[in-house]
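Here chain A shows up in two complexes: once beside chain B, once beside chain C.
Moving on to the complex of A and B:
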């Protein structure tokens, strides 16, 4: 079974790819934090951050197909925002503007909020995808642990990364075994068979967890993870963090506090 | 006089659900021996290997190279016994193959440059050079089996305990595995259903049946006795 996982998004060559993973994490985090702190009364900074994210995206030269597929996941959220925000009671009495000539009237502040939320969500997602696509899961996990992220959270993330594909494969095998024995339900969710399959999948994952744990103990695990030391930081790694922070602050405050 | 590689006395183990997996099992493995653990499904082979590594807590005594398998000795013992699980997906849990093979040596506290050579040598021994940065789920099954072996070869264990190393391998991968095992030094304990592998790699065989040792001898003796193999449901 084909597993939609980050190898498809990854590109190994490019200017961003060569940077130290820790510096990339810090730089992108700085930009994201600055972008979410933009006040909702202004539209320009959000647009500027979106442009900055687009610029980094171009620099990263990620493959468009997988990238768009992941961005599509945002659509339902954005649609919900666009529908719900203008209906809020908070805008009673605010002046209204037409969306297009002779179009529906919406409160001006609602429009601003909807724009800000959507732009920020898009910016954050694009930046996260660029970071993931130019770094890769192993290096990213290692960078987070070197930045002293909680070890257990990282452990969980790393196991999810390692075993998602295995689980999907297992589910696929069960599905095939079910179909091979003549099961002809039209919809997967029409049947208790799915429930039983998920139950089995859960038990198998649970038992796999125990066996993995034993395999770790058998090789002398003492509760710590070690990884190869990364290459020493180069001036351009630090410069990248500096640039991202400076750009974030500049865009954030260019239109006032 | 060097103590036996493994010395087991009156081992009894019951799983929490009540299954009697090992009953009064006694076994001695001389240093450097290549022993095939033969036995039908459920005979207790996997359970025995887990006990060797202190992963089950049985009644009776086990000594590995003269050192009893007890809690305070576990860290040192686990560095001496390389246990490879039947399913390579249980054994390969790191983001990259390199990290998986480096996991044991790093836990032993080796400096990074030694870890590097260990990983390199182990991957070379199993013929997976150059795949260091691959993730385990992008390897074929046969490659994963060999990678699982590399994760313990890198620890340079004195004793290799392998659970069904050739299960689900096609003939050629099987032959390659046998060659890797013949080349690896130390004492081997190989739980297997694969008579050809036993003949290719091992000099001794232990026949298990219902949690006990039914017979012991050279591989030829054990595999030559058709009647007995039928009695223990292996033929």
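Moving on to the complex of A and C:
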């Protein structure tokens, strides 16, 4: 079990890494929303957004290995959609096109739906990966607190983020111990073993939470996380949001409403 | 909806929530508004009633759900499903806190792991937090109110609630995909229900085993338990 946490992705090189996290959140969100709102009757806008996402991916200079691994996980669900969409009865009267010369005939609108769904899923995933990979979790959480996200929720979120890796490692140790005792889970009725493992994990993690909490209080914690204030917003941070929004709207409406 | 089918043992992990592009604008907006309303209520309640001591409990439960979702259980032969934890969360924390924790977990998965689309976040929170979490809690609550407050009965009710929560969540997911015009309901609903009826059994077995373990050691942590041990602990 491997925690696909962002530190593996994060690299300090690249122009995107230097931008303000708040502006990156807003800019990427704008681009994703524009890309998803493209109507499914056309193929060009989705392709254009995919190209824009690829461009940002190149700018981000993230390591390719983990990135490709993450993107490959999308393949099964996209393949399932591509196979199932043409089966719908809704395309009964639609004109059909061959997938390749002398290939199978597929209803044109079904092809467009499958293409749009796949392209948008890929675009959204790439953009989210670039955002997380060039920003990192602490900066993202900090950005949300500066964007006035409710503080007590952010507190819970930062607890979740902090302890997930610890718990996954604990779970991994338990799994190794289980496998060392010859467990082979093949059938559904082997599942309660995992349940007891998770029950123990829950108790351990809850008690760890209590201990951590008391330790935090003992150190004078007053309900606030302090982080060094980010550098003041520079013109290029705001320009980035403007560019992303402009690019999103331009690509969205370039082929009509 | 988390859906994970592993064809070959040892193949890569494919935990998957609804990505971007699968849902239409109207479905995104409707589910987003519903999720936002429930989460706003839960957030308001959390701020009003929970002491700051609850922060580590909610945070740790969230981290636990996050970690537990990485554990996959065998379904049959070589295929496996993975744990969701919505009904378990609801049994431990109550419906609103559970919904809040699940929403935060989904938000982190979406933003930090690109798992589940940003525009589909509302739908994912709706399926897992509102339908599976709050719905699972409702079933558990009704069953425990009707049936005698005994440990075995409670665990049986938790089994039913956990199975139903997974199946209901997957049904909601199928309906959303169909309403968006992506895949017809007659195709997507049986597929989702078929897979998740099996995954739900694994989910229910794990939920029952976890609740049994926790009830044995710290019954005060199981919010939905109204049996004799809770009175003793209090």
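Descriptive notes on the structure:
Throughout what follows, the second predicted complex is superposed on the first by the 213 of 257 C-alpha atoms of A that agree within 3 Å, B and C clash if a C-alpha of one lies under 4 Å from a C-alpha of the other, contacts with A are read in each partner's own complex, and residues count from 1 in each chain.
What we mean here is this: contacts are C-beta pairs under 8 Å (C-beta built on N, C-alpha and C of every residue); 3 or more make two chains touch, one makes a residue touch a chain.
These figures come from a predicted structure and were not determined experimentally.
Of the two partners, chain B and chain C, it is C that touches more residues of chain A.
When the two complexes are overlaid on their common chain A, residue A:155 makes contact with chain C while staying clear of chain B.
Touch criterion met: A:123 reaches chain C, while chain B stays clear of it. Of the two partner chains, chain C is the only one touched by A:199; chain B is not. Legend: residue contacts after superposition of the two complexes on their common chain; A:171 is shown touching chain C, with no touch to chain B.
Looking at the shared chain after the overlay, A:87 reaches chain C, while chain B stays out of its contact range. After overlaying the two complexes on the shared chain, residue contacts for A:220 are found with chain B alone; chain C is out of touch. Shared-chain residue A:32: touches chain C; no touch with chain B.
With both structures placed on the common chain, the touch criterion links A:70 to chain C but leaves chain B unconnected. By the touch criterion stated above, A:229 is placed in contact with chain B alone, chain C being left untouched. Overlap of the chain B and chain C interfaces on chain A comprises residues 3, 137, 158-159, 161-163, 166, 208, 212.
On the side of chain A, the complex with chain B involves touching residues 3, 7, 137-138, 141, 158-159, 161-163, 165-166, 208, 211-212, 214-222, 226-229. Of all residues in chain B, only 50, 53, 55, 75, 78-79, 81-83, 85, 87, 89-91, 93-96, 98-99, 102-104, 106-108, 112, 115-116, 133, 135-138, 151-152, 155 touch chain A in the complex they form.
Partner chain A is touched in their complex by these residues of chain C: 3, 5, 12-16, 19-22, 25, 28, 43, 46-47, 52-53, 55-64, 66-68, 70-71, 73-77, 83, 100-101, 104-105, 107-108, 110-114, 117-119, 181-184, 187-188, 191, 198, 201-202, 205-214, 217-218, 221. Across the interface of their complex, chain C is touched by residues 1, 3-6, 29, 32-33, 35-37, 40, 69-70, 72-74, 76-77, 81, 84-85, 87-90, 113, 116-121, 123-126, 128-129, 131-132, 137, 140, 150, 152-153, 155-164, 166-168, 170-171, 175, 185-192, 194-203, 205-206, 208-210, 212-213, 223 of chain A.
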